[in-house]
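Got some structures for you, see below.
After this come two complexes, each holding chain A, first together with chain B and then together with chain C.
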Partner chain A sequence: MLRNSGLLALTAAVALGAATAVAADTPKKGGTLVLVSSQVPRHFNPAVQSGIATMAPGAHIFATLVRADANWKLHPYLAKSWTTSADGKSVTFKLRTDAKFHDGKPVTSADVKFSIETQKANHPFKTSLGAVADVETPDSHTVVVKLKNPHPALTLAMSTSIVPIIPKHVYGDGQNPKTHPRNIKNVVGSGAYILKEYKRAQYILLERNPNYFLKGRPYMDRIIYRIIRDSSSRTIAMEQGDGHMYPFMSEVAAIARLKKSDKLVVTDKGYAGIGPNTWLAFNTKEGPTADVRVRRAIAYAIDRKFITGQLHRGVSTASTGPIVPGSPFYTKDVETYDVNLKKAEALLEEAGHKKKDDGTRLELTIDYLPAVQDVQQRIAEYARGQLKKIGIKVTVRNSPDFPTWAKRISNWQFDMTMDLPFNWGDPVIGVHRSYLCNNIKKGVIWSNTQQYCNPEVDKILAAAGQETDPAKRRALYVKFQQILAQELPVYWIAVLPYHTAYNKDLGGPPVGIWGIVSPMDDIYWKKQPK
Partner chain B sequence: MNTPPPAVPAEEPVVIEVERPWREAWRMFRQNTAAVAGLVTLTLIVLVTVLGPFVYPVDPFAPTGPLLLPPGEQGFLLGTDQQGRDLVVGLLYGSQSTLMVGAAAAAITITIGILFGALAGFYRGWVEEVLMRITEFFQVLPPLLLAMVVVLLFSPSIYSISIAIGVVSWTSTARLVRAEFLRLRELDFVKAERAIGARNARIIWTIILPNAAPPLIVSAALSVGVAILFEAGLAFLQLSDPNVMSWGYLISVNRPQILEAWWPVTFPGLAIFITVLSVSLIGDGLNDAFNPKLRQR
Partner chain C sequence: MRLPAAIAKRLGYALVLLFAVLVLNFTLLYLAPGDAAETIAGEAGGASPEMLAKIRRDYGLDLPFFDQLYLYLFKVIQGDFGHSFYFDQPVTTVIFENLAPTLLLVISSLLIAISFGTFLGVFAARRPNGLLSQIITVLALLGYALPVFWTGIMLVILFASMIPLFPTSGMDSGPLGASGFGYIWEVLHHLALPVLTLSTIYLAFYSRLSRASMMDVLGADYIRTARAKGLNERVVIFKHALRNAVLPVVTFAGLQFGALFSGAVLVETVFSWPGLGTLAFDSILRRDTPTLLGILFFSALIVIIANLLTDLAYRLVDPRIKSAAKA
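Here is the complex of A and B:
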């Protein structure tokens, strides 16, 4: 053991030396980066549209006030500095004075105010800026955000294209920002790249912004998103070197295959902020799953280790609660329901579901999101097999398309469903929505469709959303995770195995918490590809 | 030389030995080696389908081994699929629904086809106009697309899939039956029936239809094969019943892994190929058997 740790220290020292050597290797300018992607954007204005398709290129085109690294630490971007008042209800941003939009006009406090107001009025993530009461602009490069209540998630939301800074002189002309013609043509931001061309469902061409306010950057001359709908074709494009980077890869077989390539690096880093959780949701109001004992029995029958280790061949990690591992608020100190079929049967017995002559105790249905087969259909089918062992006859319901599934689930016509909601950085943005009593909204998908309601949880979440002290805030979220793991409105299974494959000659890969939903001004070719 | 003619008992009629048409057809069929091979293969498949679940009573969806195990390893003759399910079991149980869909869809095809074709061909006039316009309407719709729409409307299940396939493939049968009726209704024995005052229903069902049977049987046999292929095609597009094991389902769920593991897709594919081939061979054999002149040409 001792010898091992000595060896480890030595390896670490060597690795550190190597890291320093690489850091000394100054980034080189020039070259083209080709990304392969399945996502077809509707337009490029992330102030009024969520979804990776818009947010990723949007983050290269539009600069934001702050930016984040791989450790959830925030750094200056358009804002030089920011301070929060003692009561947490006012945040002051000092802007850089040298930042200009792609059309040459300076970025001022008026643009920031306009951006925040436009986002608040139009963006689907209502909680990201919902607490904003007013935006003051004492001078052209100072912005004071006044809040109704403390909102510690504010700066994190501003560190990616959830809150992009858009030019008032372009988008403030009175037209509806959701359908503004400049969302797709002549898009003007202040980010590292300028949108040159978009051929719908074919490619997105971004070119280097020569007047970017961070001198010397970006290093790439252009970024091209090649849109390829078929996943096997994307894999082959990477293998043949036609693509240099393949983000948001979720097919287990493709990940395993590309990992074998000696030309590529495959990493699961870059998704901590997005936090894609895969879970089995229960109808907690109607049917047998309204009984918490039935939900616990189901949890005891489903083996997360088998799913992550076998079905996903070790490329995904287990998810034990509403907040994904990788978030600073995550705790593993919760009930984990390690597989135990005896306990599961005992719980069903206790809940009054006696074994009938044919060995079944009760019947349930399971739905799944008709996408990302590996983390939906395959888990649903595995669950059916496991639940049969404890006497639950499960019928898998296949939805031919997304609207069919969304209609069923949002109208609460289900027993159980597989689903994959994202955390989106701060729990306030992506986690609260699934568990709050007042977010039980019939007909709205990705609201609290489990119809779970616990006033105590509501109270904890309300307090946690406003707590400015990080330690106290974490304590509240730990409590929240523990209560939910006891009551199981959903059984969390795994983090979606998102991976990025990239050419090994690339330096500065996007491994921050937001992955490619970031400026991408620090990526470069160590050696130009042939 | 003057021998008297042999005494013919007055009470016994003269019997001229004519081979019955069905027996003749069977004789012709037996002479066709390919058709017999098809029949033997299909009989084996049906036997395995019926007896398999008794010999091997397991849950076809239950994982029984490691995932994607190559054929022959650890006692898995054909290997395992992406969920660790034994492919032998999958093929065994899958044949049930595949054959059932094939038979049910063919039954629907024949039923609608006969109904439309017989009425149109017998009554002619406005009945024919209306029925044939409807048939043409279904003929111009792309069958796979129409089947997809029907399956989507009722959500994928073994019933909706059978109905969808039946609904898109009855048109050629209808036209065939109509042509036969047009031909037969003018023949003397039909006219004779009419002359002695037989009702229309009797003429249609007991006089003309049995005489139109030979081409219908051929068409029915071929439509079973088409239906099986259709079921596999729909499953390939993820339009299969996830609660019923079928060959098409096996292909559809294992397709993403095809670059790594060929066996979970290849074996169900081969099973479909062999089944459809044997059904087609039988159909061809029947065709030759019922049209001996055609064969001699």
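Here is the complex of A and C:
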């Protein structure tokens, strides 16, 4: 109930703007919001650094051209309006004229051009602005983005700190933007909050920007990110009221525990844009898993319902394909491989894996990403037990840390691995990379490490990436999901059960598609905490 | 051997040891699969091959092993410990920020463990079969057997959820905390649980050690003589017996300083204590080799200094050591 009213309040607040008060709750000014987080940022410039640690505070410090609500709808932010040309190869943004950076200088088209160019040259998400050919600035508050080809993902990427607007007069001084000293000290954006202090790996202190271009906002006086490494300490901080919000919670036990608290609201809203997909990836090039029948057999043996219902105690949702259920391009109309051990064994038989005297047919290894135990190690262990039933002897290989795992997987030295790549909003940014033939790149983690290659899929993705008609675009992605579910380069299992716990006295919680990776200028205390 | 000569010799050893620490750790970290470029790409949610190559070039990770080692040692001799891959800051800056909290934690734990441990041990030794002695023994065994991180987590649960007397994470109350004397009180308040956790295990150890040593000494002839002289028990225990019984405690305090340091890694992680331990933990996970090498170097340095001080403390507590060394 609370969950829904929060969502409604936010949607309404975004739709109507701050000036119009929402009938039920009038946002009140003042107070401090304390977030508990495990994330240690390297610095605060999301134009050259991705990852939640930088992107979340970055989204409060740096404003973007547009912003998104909970229904994937885009709204004006630094841009008053935008229009796409008929051929889709030119997007014109009209900027607001009253926006200023924290140091008082106005935000102009030159800053936007500089931001786009800096992001394009330095950001790891190459496909987000890869299609940009040129940026024209006919006047100080008009920006024309010229594209090599139509690129419908453009505005969505610009709705979060994937494309932040950074000041040219600060970062355009010729220093390498990746190691610029102002990325960490005296950071200047045009967003709702100003970075006051960062005590490395301890806390981030953000203070209200008094000259924020959206009048009356933000409501909070300050936001503090308290960095607490130990997850049980984070949970306790929430229970005690020391923390007011705990985003990106992924531990099943902690979610279940905080759900019991009558002081907190626990929601899984706010992660549709990020789209964290948990899957079992196969080596489609070498070993027994190169045979699609073996991959299908494995899919038939692994029970998604058991994983989401029992292993995750009902807090995660099943994932049936490369695009997560929260996305507008998602279809549930695909082969789902409901558990069927007989069918699985028949497929293995057909693939020539006969039963030996000891009951085994073949041996495989399974790796897992050494993070988020509930959706990695635990599913790997479960898969071992399940696959034993159909005669596959599985060895679980542990990695002590991320680089060890990344080395193995990116050099294709694996049969199967658990993994959790993110969708990052538009499929062009986070989905295409895992399936394109030309993204099979040895030594690069989160490229197409399955080495899956299907020219037909490539063709569909190329078309979908450029299709400006939403209905046609969706049809292409539906086709893509159906083909992939047949060929199973990976077996998608569940959406990572990211949850946000927050104090029930908070109004306007971050439940939009980008969650806390958003301006956070609409959150307020309905009643100040003690 | 006279004191200055002894110290000079120790310093010589220390330099060789520090060199070995650097070379050995560098080699070990080089041999681990994967590197910082992968972590940086990983935390960024992916990267292109060009970007990986660029990161490796920027940090010199693409050079052959001996070139990397040579470059590193050459820089260290000049006092430059390199640039942290992860934090994008000079390693010395990062380490010095975290050094004081660790020293505060480790030294207060050590002092508490030694003083309370010895006190309990002496107390128990007086009536080795008494009820109190048995209780102390059981507590000591329990304290020694419990893994330090488990004790920490249990204390967090106990104090945070049930009796909210002490804060369970961090070193201060953050940006909205007090200043001046208020700040000192705030830090002490935050220090309570980490110190309790870290000192438990050593407190147990020292109490056992001093109990055994005290019982030994209490059976010696000169104690009987002292008692025969009619000295009161307090003088016998604290003046005649304790000074002799405390030697093994001093020895172990020096030896265990290193162990205490490594225990701090776990305690700091549990309590989010912003010291070298958490930094080491972060650096290991992120393959931030320069930072990790720097931490190991400074830890070795601190342990060496602690051992030197122990040596000096010996000579203070027991003048015979000096004469024995001379002979």
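Some points to look at:
The definition used in the following text is that the second predicted complex is superposed on the first by the 506 of 530 C-alpha atoms of A that agree within 3 Å, B and C clash if a C-alpha of one lies under 4 Å from a C-alpha of the other, contacts with A are read in each partner's own complex, and residues count from 1 in each chain.
Just so we're on the same page, a residue touches a chain if its C-beta (ideal position, glycine included) is under 8 Å from a C-beta of that chain, and two chains touch if they have at least 3 such contacts.
Computed from a predicted structure; not experimentally measured.
With both complexes placed on chain A, chain A has more residues touched by C than by the other of chain B and chain C.
When both complexes are overlaid on chain A, the residue A:T284 reaches neither chain B nor chain C.
Contacts of A:R384 after superposition: chain B is touched, whereas chain C is not reached. In the superposition on chain A, contact is made by A:W424 with chain C only, not with chain B. By the touch criterion defined above, A:T395 reaches chain B but does not reach chain C.
In the superposition on chain A, contact of A:E197 is made with chain C only, not with chain B.
Contacts of A:R257 after superposition: chain B is touched, whereas chain C is not reached.
In the superposition on chain A, A:T331 contacts neither chain B nor chain C. By the touch criterion defined above, A:S232 lies against chain B and chain C together after alignment on the C-alpha atoms of chain A.
In the superposed model, A:I184 makes contact with chain C only, not with chain B.
Residues 232, 401, 404 of chain A contact both chain B in one complex and chain C in the other. The touching residues of chain C, counted against chain A in their complex, run 32-36, 38-39, 41-49, 51-52, 86-88, 94, 97, 153, 156-157, 160-161, 164, 168-171, 174-176, 269-272, 274, 278-279, 281-282, 284-287. Interface residues of chain A, counted against chain C in their complex, comprise 32, 40, 42-43, 49-51, 53, 124-126, 179, 183-184, 196-197, 199-203, 205, 224, 226-230, 232-233, 236-237, 239-240, 401-408, 410, 421-422, 424, 433, 441, 443-447. By the touch rule above, chain B contacts chain A in their complex via residues 59, 61-63, 66-67, 82-84, 151-152, 155-156, 238-243, 253, 256-260.
Within the complex, the chain A residues that touch chain B are 231-232, 235, 251, 253, 256-257, 310-311, 313, 370, 373-374, 377-378, 380-382, 384-385, 388, 395-401, 404.
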